[in-house]
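The letters A, B, C and D name the chains in turn, as written, and every chain counts its residues from 1.
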Amino acid sequence: MRLCEPLAIEDYGVQPMPDASPPKWHLAHTTWFFETFLLKPYLPAYRPFNADFEFLFNSYYNGVGKQFPRGERGNLSRPTVAEVRDYRAHVDAAMETLFGQAEDEAEARSLLGLQHEQQHQELLLTDVKYNFGHNPLHPAYRDDPGRPGSRPAPRLRFIESGGGVREIGTTSNGAFAFDNETPRHRVFLEPHALANRLVTNGEYLAFIEDGGYTRPELWLADGWTRLHSGERWTAPLYWRLKNDCWREYHLTGLTQLDLDAPVIHVSYYEADAYARWAGARLPTEQEWETAAEDLSPEANGGLTQMFGDAWQWTASAYGSYPGYEPLPGALGEYNGKFMSNQMVLRGGSCVTAEDHVRPSYRNFFYPGDRWQFSGIRLARDRDL
Amino acid sequence: MRLCEPLAIEDYGVQPMPDASPPKWHLAHTTWFFETFLLKPYLPAYRPFNADFEFLFNSYYNGVGKQFPRGERGNLSRPTVAEVRDYRAHVDAAMETLFGQAEDEAEARSLLGLQHEQQHQELLLTDVKYNFGHNPLHPAYRDDPGRPGSRPAPRLRFIESGGGVREIGTTSNGAFAFDNETPRHRVFLEPHALANRLVTNGEYLAFIEDGGYTRPELWLADGWTRLHSGERWTAPLYWRLKNDCWREYHLTGLTQLDLDAPVIHVSYYEADAYARWAGARLPTEQEWETAAEDLSPEANGGLTQMFGDAWQWTASAYGSYPGYEPLPGALGEYNGKFMSNQMVLRGGSCVTAEDHVRPSYRNFFYPGDRWQFSGIRLARDRDL
Amino acid sequence: MRLCEPLAIEDYGVQPMPDASPPKWHLAHTTWFFETFLLKPYLPAYRPFNADFEFLFNSYYNGVGKQFPRGERGNLSRPTVAEVRDYRAHVDAAMETLFGQAEDEAEARSLLGLQHEQQHQELLLTDVKYNFGHNPLHPAYRDDPGRPGSRPAPRLRFIESGGGVREIGTTSNGAFAFDNETPRHRVFLEPHALANRLVTNGEYLAFIEDGGYTRPELWLADGWTRLHSGERWTAPLYWRLKNDCWREYHLTGLTQLDLDAPVIHVSYYEADAYARWAGARLPTEQEWETAAEDLSPEANGGLTQMFGDAWQWTASAYGSYPGYEPLPGALGEYNGKFMSNQMVLRGGSCVTAEDHVRPSYRNFFYPGDRWQFSGIRLARDRDL
Amino acid sequence: MRLCEPLAIEDYGVQPMPDASPPKWHLAHTTWFFETFLLKPYLPAYRPFNADFEFLFNSYYNGVGKQFPRGERGNLSRPTVAEVRDYRAHVDAAMETLFGQAEDEAEARSLLGLQHEQQHQELLLTDVKYNFGHNPLHPAYRDDPGRPGSRPAPRLRFIESGGGVREIGTTSNGAFAFDNETPRHRVFLEPHALANRLVTNGEYLAFIEDGGYTRPELWLADGWTRLHSGERWTAPLYWRLKNDCWREYHLTGLTQLDLDAPVIHVSYYEADAYARWAGARLPTEQEWETAAEDLSPEANGGLTQMFGDAWQWTASAYGSYPGYEPLPGALGEYNGKFMSNQMVLRGGSCVTAEDHVRPSYRNFFYPGDRWQFSGIRLARDRDL
C-alpha cells in the first residue's frame, strides 16, 4: 500500500500491455493469494469478501479454477480502488485471526504468501514504470531525490574461476526458498571468468553506434526476427532520442542518459548480441550462483553489482534441477509449469526488496521481455 | 459533465475494446474540438492548455496532425480526471470570450462543436454500457427508475407507400445539418412498405430458437464469417443466458429480458438475417427518410418508434449524395472520409439527445458493429 | 483447357494469396459446378467421379455442404492435373448424355454453368498473372505478339447527361443475365458527366509524382489505413520500379510502362483517391449503365473503352435492386450473399470473354482488391 | 533424387505450412549450398546457373545475403522441376571439377555439404508426409512393403545409471561432427534411470483416454496455451479418428493404429505431459548421450530403440557447450544462431540416413513442433 501512495486513482487501473498488470490488480491478487491458499483451507469461519473475486483475481492457478483473461485486467474499472482496499483489510483481519491458531503448513504458506507479495511489489513498480514511461506526458512516479552524481564505472575486468565439481541450489539452512531452487545438487563447471561489474549505458551506446542493431551476425535468429517485428527495437526500452540526444525514463522522470550506470531494460536477445559484439558471452546460472556464493559473506574476489542493481540475464534456459519436486496441489503451479521457453535471470534489481534475493534465487522471463529491470554481466571461457 | 456524475474515477479511464473510448477521452476530445477549430484560429490571445493535448486528443483529423493511437486511449492514466476538468474549464472560459467577438464562421463552427458534443454524449453512454456490461460484476450506471411495466407491443403491420420521385436530404430551412445530409436531391422509389414498429426481443428470440444463428442460408457471407470468428455471436450483445433464462444488461443493471421491448445491440448482419428469416428486408435510407418526413409534423400513417427508441439499420451503404461537398479544410474529414464499408442507420436511440435527431440525419457504422443501440425495422416490396 | 496450354504442370497448383486460386482448382471447380447442379439432380444414372471432390471443389455453397478451406487450395498436390483432366472428361461426357434428355430447368442451369465457367476463365488468367507477377523470375504466360505501338490517348473530355428518371437492370429480351441484374427498375439521376475514356498510366503517374500516396486528404479513411498496412502500396499492383524507371508486368512479361494505356490493377481506394485528386469522382453504377445502354448499338456520344479494356470501379456499393429475388436453393448463394462490403465494377477487361459482358453486368470486389484488371473512369456533377 | 522418384510433378511444389518446404526447394537449396560455399569461393572458373537463385534458395544465411521469404516457397511455380534438375546437374558437374583440385578447406566443406544434404533428405520426407497426411485424399508416398506383424513391445523397464563426472560432445576421432557437438567437455550427472524403450502408441492412447489432453496439471503453461490455440491438439499429429477407431497416417497410407509401435509426431509439450502423467520425466541430453556412448559398440545394458526409430525429446534446451565456437563466416549461422527457444532431440528416426546419427548428434526443434518423427523416452531420478 505504501508503494501505491504516489499514485492517482487513475493510475491503479491501466494495463498498457498484457504483461503489465494494473496496480489495483496486484493489490487484489496478492490478497487473493492469502484468501485462497490460507483462509479458505485453514480458517473454517472465513467468509469470502466477494464470490466473484475467486475468478477475477486468480492469476494462473488452474487447480483453483478459471481465470479472468490476463490481457483484460485493465478493463475492470470495478471493483474500485476503495473496494480493493476494503478487500485487503478484510483479508488482513482474517489473517490475524489465523495467525493465532495456525498449523505448520499454514505458517509455511504464509511465508510463501509474503514472498509472493514481495515479488508483486517489484512487479507493481515495474508495471507502473511501463505505464508512465509510455505515456507521452512522461509523469514521474516519485521525486528525484537529487542523486549524487554518478560515479565513474570502474574498469571492466574478468575475475577467473577454476571450475570443477560445485554445488548449487538452496542450502538447507532453514531460510525460505522457492521450490525451483531445490534440490541442492552438484554441477561440473569448466574454468571461466565473470566480469567484475555490469555493462554500462556508455558501453551499450558504443554497441548501438557500432551498428549493433543492424548486424545480423551478432544476433540469435529469433532475436533478429523479433528485432524486426512489432516495435522495432533500436535501443533499450526506456531510452528516448530527442534532438540527437539520448535520454532515459526513470521512475523519477526523463533524465539525461547516465553513461556510467548499468544498462537496464534490455531483452535476453540484446544482452546476448551485446556479449557477442564484446567478444564475450553471458554467464550460465551455475557460474553466476557459485560466484555469488563465494561472495557471501566475506570473500569478495572483486565482483560488484551482484545484487540490487539489475537482474542479470544468464545463458541458462529455465528448467528443473535434478530431483525437483513442485509443491503439492495448486501451489505446484507457482514455478514449475513455466519451465519452458524462458531464461534465468539472477541477482535482483533496484526495485527488488532487499531481503528478497539470495544466491540461489532464480528469476525467469521470456527472452524478448524488456520491461523488467534486466541488465548484462559478461562472462568468458577462461582460455580466451 | 452531468452524464459523468454517476461514474467513479476508475470508470473514466477504461477502454474495453478499441471502439469504446474512455469517458475521460470523450470529455477531453470534445473540448479539444473547440480548442482546435474555434479558439486557435479565431481567438488570437488564446493560450493552449497543454501542448501535448493537440496530439493526445485528436481523434482522426490528419489535417490537424498526428493522432495518439486510437486503441491505446485506455492506457493513459494521465492526465487525470481533475486535469481534464481543468482543461474543460480553461476552454469553456475562452469560448465565452470568443462568443463576445465571434464572426459568422466561428458561430457556425460553434454550432458544429455543440452537435459534435451531443454525438459524444451518446457515445459516452454507449461506451460506459460496454464497459459495465462486460465487467463480470455487472455494475449499474444509474438506478432503475422503477419503469412502468412494459406495454405489449402492437401487432406488426406494414404501412404501404406508393413510390415515385421523392426528395431526401436536409431542407434549406436554416436548421443545423451535417454536410453528409446535403444536398437535398431527388430519388426514385419503387412502391414498398415499412413495418409500423421495431422488431421486439420476443420476435428476435423466436429467430434464435428457430436456429437463426446456425442456418447459413439466412446470412450474408461476410456475416456468416464474422459469426464464426472471435466472440461467436449467439444472441444480441447484452443478452446473458443463465440457468436457461435470458437476461439483458441495461445501464440500470441486469434484468429479465423484456419480450415487448425493441431488440437492440444487433449488428447489420443480424438485422439482415432476421429480416430474411421473417420474409422481409431492411428499408433503404431513402424509404426511411421519406416515411419520416411524411410523419412530421401532422401526418402519421401508423409508423411508431421512428425516433428515440433505437437506431435502425438500413440496407443502404453509407455514401455521398449527388453533388456532395465536404466542409473545407480539416473539418471536411468529419463525415466524408468514412464513406466506404459502413451502413446507414436512421432514427436515434434512447441515449440520443432528443433535439439532435431529424428525418435527414445519417448515422453510420460498420456492419459488424453491435455496441451502438441499434435495432431493426422491417420493410417489404409492396407486391409481396 | 486452352487457356492452360501455356502452363507448366507446376503452375497449376500454386495459390500465392488466398484470393488467387490455383488453375487446377478452377478447372476442377467449374466441372464440380456441372456435376453438382446438373448431373446429380438431373441425370439419375450419374456416378460421381470421386466422392471427396464434392467437398474439395465446393467454393462457397453452404447449401451443398462443407467446403475445403479456401486459403489452402494451393496445398493440394493431389488430385494431379491429369486426374483433374479425367474428371473434366468424365463430367463432359455425362453432360453430353444429359443434353440429350434435358428439361427446361436443366437447360437454364447449363447456361448458368457456362457463364460460370466464363467467369472462371477470367479469374484463371487473373490468378496466373498474380502468380507470375509475384515470382522474382517474372515468367511470361504468353509471348508478346509484338503489339503495335500504343496510340496516344485522346484528350480527356467529359460527356454530359441530362439526368431524370431512367431504367437500369437486365431487359427482358431473353438473353442470359445473373439474378443480381434483376429486376429492371427505375432510378432518378441528377445531371452528370462521364469521362470519354479511362485514366491512363501517364495520368496516374502524375498523381503518384504529386505525392498522391502520401496525402491523407485525398483518401477515404479505410483506404488510408489499408495503404499503411501490409504491403504498403505506392503504385498499382504490377508496377515495378527499377533504377528510377517504372516497368509493368503483363502476361507477356515485364515491359516499359505504357503511359497511354489505361491504368489497371488499382483498388477502389486508389481509384477514389485519384478521382479526388483530379477534381472529379467515380461514376455510380446507375450513371455507368445508362450511359452504356445509350451506347448500344448505334448512339455513341463519344464514350470509349466501356467494354474490354478494364473493369471500372463505380461509387456504388454492391447491393440488391428493389424487388430482387435470388435463385432458389443453393444457387441462390451465387450472387446474393455477397451484397455487403463490396463495390460494383462495370465494363469488362481484356481478359473477359467478349460475349460475356453487357451494360447491366455487375461485377463486385472488395474496395481493397487489386488483382483484378480494374481501372478508373472519372465522372462529374454537371454544374462543375 | 531417388527419394523424389515416387512424387508427381505436382508434389514438388507445395508448402502446406511454413515449416514444410516444397521438395523442389530442398533439391535446389542443397545444390545452392554447394554452389555458394564451395564453387563460388573455390572454383574460379565457375559460372552461376542463374543469378536469381542466390536469393531464391538461400535459407537463412544473412552472411550470404537476403532470402526469399520462407513462408512463400510454395508460391514459386518457377523454376520448374526440370529446371531445378538442370541446376543440380550443372552444380554436380562443377563439383566434380572442384574435387580434382580441392584444398583442405574445400574438402571439409564438401563433407559438410553432404551432411547438409542428408539432413534435407530427412526433411524432404518429413515434409512430404505433412503434405500427403493433410490432404483429404491421404495419398501414399510409397507402397506398404507388407510389414511383418508388429512385435509386442517389451515390458517397460528403467535402466539405472550411477551418475558422476562424465564427458559428452564429439570425440576427436576424426569423424565428422557439427560445430554444436563441440567441444567435448565434462558434466556432472546425478544418479538416474532411462527407460529401456520408447513409449508406444498403446501407452499414449491410455494417456489420451485418461483425459491427458484435458488436465491442466499435466502440462507446462505454454503447452496448455498451445493446446488451446490454432489446431486444438487431441492426439499425435497423424492420428485420425473415424467411427471411434484410431488410424494413423504413414508414408505408406492410412492404417490401423499399431499399439506396439513407438508413438511419433508428438511435440515436446505432449512428451513432457505424458511423462508427468506416467510419473516420470524426460531425459536430459547429457543423460541420453552418456547412455548412448555406453551402448556403443559392445556394452548394451538393455537400452533399445536409441537410433533409427524416433527422435527423442530431451528435457534440455538447445544451447552452446562450454567453449563452443561456431564455424567462421556465414557457415557459422548453420547451428549457432538457433540456440534459443528450442529443445534438443536425440537419436534419429526411421527417415534419418543410417550413417548420419551418432551419440553426440544434437537435433533441435521448437517445443510445439510436431511434424518431425519425434517420440518419447522416459527417464527417472534414481531414488524414485
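The definition used in the following text is that contacts are C-beta pairs under 8 Å (C-beta built on N, C-alpha and C of every residue); 3 or more make two chains touch, one makes a residue touch a chain.
As the structure is a computational prediction, the values presented were derived from the model and not from experiment.
Common neighbours of chain B and chain C (chains touching each): not present.
Least step count on the touch graph, chain A to chain C: 2.
Chain B has its Cα centroid 45 Å from the Cα centroid of chain A. Centroids of chain B and chain D (each the mean of its C-alpha atoms) stand 57 Å apart. Averaging C-alpha coordinates per chain places the centre of chain A 35 Å away from that of chain D.
Annotation for chain D: no residues touch two or more other chains. Remark: the chains found to touch one another pair up as A-B, A-D, B-C, C-D. Only residues 60, 62-63, 165, 185-190, 192, 216-217, 219-224, 268-269, 272, 281, 315-317, 319-320, 322-323, 332-333, 337-341, 343, 367, 381, 383 of chain D touch chain A when the two sit together in their complex. Looking at the complex, you find that chain B touches chain A at residues 8-16, 24, 52, 55-56, 68, 72, 74-81, 131-132, 134-137, 139.
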